[in-house]
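Before we start, here is the structure in question, set down as structure tokens.
Labels A, B and C are assigned to the chains in the order they are written; within every chain, residues are numbered from 1.
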Amino acid sequence: MIRRILALPAGRFATAFLVFIAFLAVAGPVLAPYDPLLGTSDILAGPSAAHWLGTDYLGRDVLSRILAGAPISVFGAVQVAVIALFAGAVPGILSVYLGRVFEWLTLRFVDTLIALPFLVFAVAVTALLGNGIPQAMLTVGILVSPLFYRVSRAATLSVARSQYVEAAILSGARTGWVVRTHVWSKVLPPIAIATANTLGIGFVIVSSLTFLGIGIQPPAPSWGGVLASDLGYLTQRPYAPIFTTVLIMLSVWAFNLLADVIRDVAGESGRTLLTERGAARDAARRRRTDTAASEDALVGRSSS
Amino acid sequence: MAESSTAIRINGLQVSYGTGRHRTRIIHEASFDVGVGESVGIIGETGSGKSTIARAVVGLVPAQAGTVRIGDEEVSAFGARQWRDFRRRGAVQYVFQDPLRALDADLTIGDSLAEPLRLQRRLSKEQIRDRIDFRLEQVRLPQDLLVRFPGELSGGQRQRVLLARALATEPRVLILDEPVSALDAANRVSVLEILNDLRAAGTSLVFISHDLGSVAGVTDRIVVLYRGEVVEVGRTADIVNDPQHPYTRLLVGSAPSLHTGAIDREERARLRRVLDAG
Amino acid sequence: MTIEIEGIEIEGIEIARAAEATAAEAESILRLEDVRIAHRHTGEELVRGVSFDLRPGRVVGIVGESGSGKTLTCRAILGILPRLFHISGGRVELFGRDIAGLSARDWEQLRGVSITAVFQDPGSYLNPSLRVGPQIAEALRVRGGLRRREAKRRTIELLDDVRLRDPELIYRSYPHELSGGMLQRVLIASAISLEPRILIADEVTTALDVTVQAEILDLLTDLTQQHDLALIVVSHDLAVIAQTCDDVLVLRQGEVVEQGEAKSILFAPQHEYTRLLIDEHNTYGLDRFREPAGVHHG
């Protein structure tokens, strides 16, 4: 299970950091020592005992702003992933089993999404639903969903057409059984990887948008916003952007690292280690008898 | 299912793929029987449609015309639900050709073997376990394989697992697609012996193969398939010693033998010309 | 590049021909003496003591299953053992020369020109995105020194020699358009294109229908006679070997359990493994039904 991911040092680091970020997102605003919106006369101060990260150009405590701004980034990224999952992965798996019409409809819909220019779509959504981070994330989520659709559909198709599924059908299995017993374990890894990557992308997009001041009404705090204001006053506090930048960077890196770890842990061709039996299977694979290995070698299948 | 004198009866079977102008005929007007307790080999070259016939019998492929009866039931008229109920009874089982692909690599051998029994929803865990143990013994595999995964087994062991899985539901009819082609000599002999035992116990066997020589010794009768048509049917000994149809002659004559030479090249070329013309 | 044979400097393809000429004076063109092949690091021996002699016009058969060492032996003869393995004992003499002394350059000259091989899965030995004819013709141009037009003509001739029905059409076809049997013939054509002295056929008919198999085996036998080839046939099917070969080696788990003339092995097998193979045919194969005196045609 998650144990396998945690077994790898990269997995431990990625998970730990992401747990930390999640914690910040939930508890950040509460933990903030000062009101993030409260300006003081102590502007552009350096780090001190009172203000660990100093203050910004309006005298607001930077640490508080970062803590309070965590939810926007994190939940924004999560929103993208969740929307992409539901708009993409679920139809993807279902498209194999719900008949020709459904399959055709979803395929064409996904094709359309891919063909849409991002900006046009974003503008349309904004016009319809208003300006804001959630709306922007909705847009991104829908535009990323084709990836999930394709990935989960491909994984499901390859399983659905396999001989062992045919064997199950010949024993009287219904679709539900086939999905539970055979499809799920093989579809999970590609989806997990896509999700981790999407979380990273979502994070970057939120940070970028808030940096540009889009979707966020000042003076609401956000990581990108803090970074933007930091850059505006570089001469006074040249070290200022480092913290925020590193934070954003590490978060994105952690997501991508997690994706890589899942990929490694799942083994070739997407077989999963995210389930108990998958893990046992991998351990078994490592235990493979010498006969099998040397048989391969004899027929010249070893690297050469 | 009342007792019937034939295990499988195929009549005028037609199977095609595609529609309209692109329709290709795979099986044309195929008719033959498999008696209860009989062992029949369906022999044909690649593309002759032998696998398609077998798949049509078990309902994996729809037939455009003709009927298939298994025992008393006309399975060619079955809908999805009837097929499901029929299959769950486990009276007819199919053993695939490629054991590597016919076993889910993420399931233990035990889980794979139990699947058909679990689908029946009749037996308790202990009963399922007992059945599996019995079948493992029958195919001469050790118990400790149950917790292993297909990737850890040799090709011969995997093939026997497939066999054990098919036998778990105590089928009356067993259809085997190239059961020994991927095996080495020791495993082949082992599997053929097991199949002979089944024959003696009254199970009807249907073999699909391109090589008459690999299954001749376990069959009572042979059905020769050429380009989707049944060209000859007969007792194995007659087919081997006195083949009538040009393709059968070519088939029998091409098989390498230890003792006698195959028919010579001119004769083969002549038979091919006859086949291409007719 | 040049090498010296008996004090004379020779170039390119002539090196190979010279080697052949030297060896032709000797009787055997390939000789294995107690060859052992082992894993380089673990020292585990996978082939333990294979010896045989190959002469022009003769067919030697190796019967063995996967794991028997037959493929390793073939690769050793061709100088293409996987990196993890090496010849740990005995000697292989190719045209009278110990292959241990051959450099990579020497091998390049020999392979394709003097000794060639055809393996089990023909499709994987052809470039799927190129037509089949030019792939053969290229070898003729590069190794055989033929001009483009001449190479094409010769290729079509070869495709005809291997009894492909429409050589011109085959020349223009892509690999995926051809059946397994056709592809195998194409590869045989390619293998004999530079007129080698030795051809190794490793399980070439295993993936083919039995009727096609008969044709290919026949083709190989004919080529042996027509071109005075020396042929090594490797198969897991004893009957295939029995039908095509003069001398037989039965290989099991790296050891030669039986060796001798095909006829004597079949009629008087010594080892139990050989007997197992023969019994299997007699019990489960066509031979169970056939009268031994001859084959009846209707």
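In the analysis below, a contact is a pair of C-beta atoms (placed from the backbone, for glycine too) under 8 Å apart; a residue touches a chain by one contact, two chains touch by 3 or more.
Nothing here was measured: the structure is a model prediction, and the numbers come from that model.
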Statement: Maximum distance between Cα centroids and chain B occurs for chain A
- prompt: By C-alpha centroid distance to the whole-protein centroid, which chain wins?
  reply: B
Message: Averaging over Cα atoms per chain, report the distance between chain A and chain B in Å.
response: 48
Field: Averaged-CA centre spacing for the pair chain C and chain A, given as whole angstrom
entry: 55
Message: Can you work out the whole-Å distance between the CA centroids of chain B and chain C?
response: 34
- prompt: In chain C, what residues contact two or more other chains?
  reply: 66-67
Chain B, residues touching no fewer than two other chains: none
Task: Can you tell me which residues of chain A touch two or more of the remaining chains?
output: 291, 295
- prompt: In the complex of these two chains, what residues of chain A are touching chain B?
  reply: 162-164, 166-174, 177, 181-182, 185-186, 271-272, 275, 277-278, 280-281, 284-285, 287-289, 291-292, 295
- request: Quick one: which bits of chain C touch chain B in the complex? Just the residue numbers, please.
  value: 65-67, 179-180, 209-215, 217-218, 236-240, 242-243, 266, 273, 276-292, 294-298
Field: Interfacial residue positions of chain B with respect to chain A in the complex
entry: 58, 60, 84-88, 90, 93-94, 96, 98, 101-108, 111-112, 115-116, 119-120, 147-149, 151-152, 154, 165, 169
- line: Interface with chain C, chain B side, in the complex: residues 45-46, 184-186, 188-189, 192, 210-218, 236-237, 240-244, 249-263, 265, 267-268
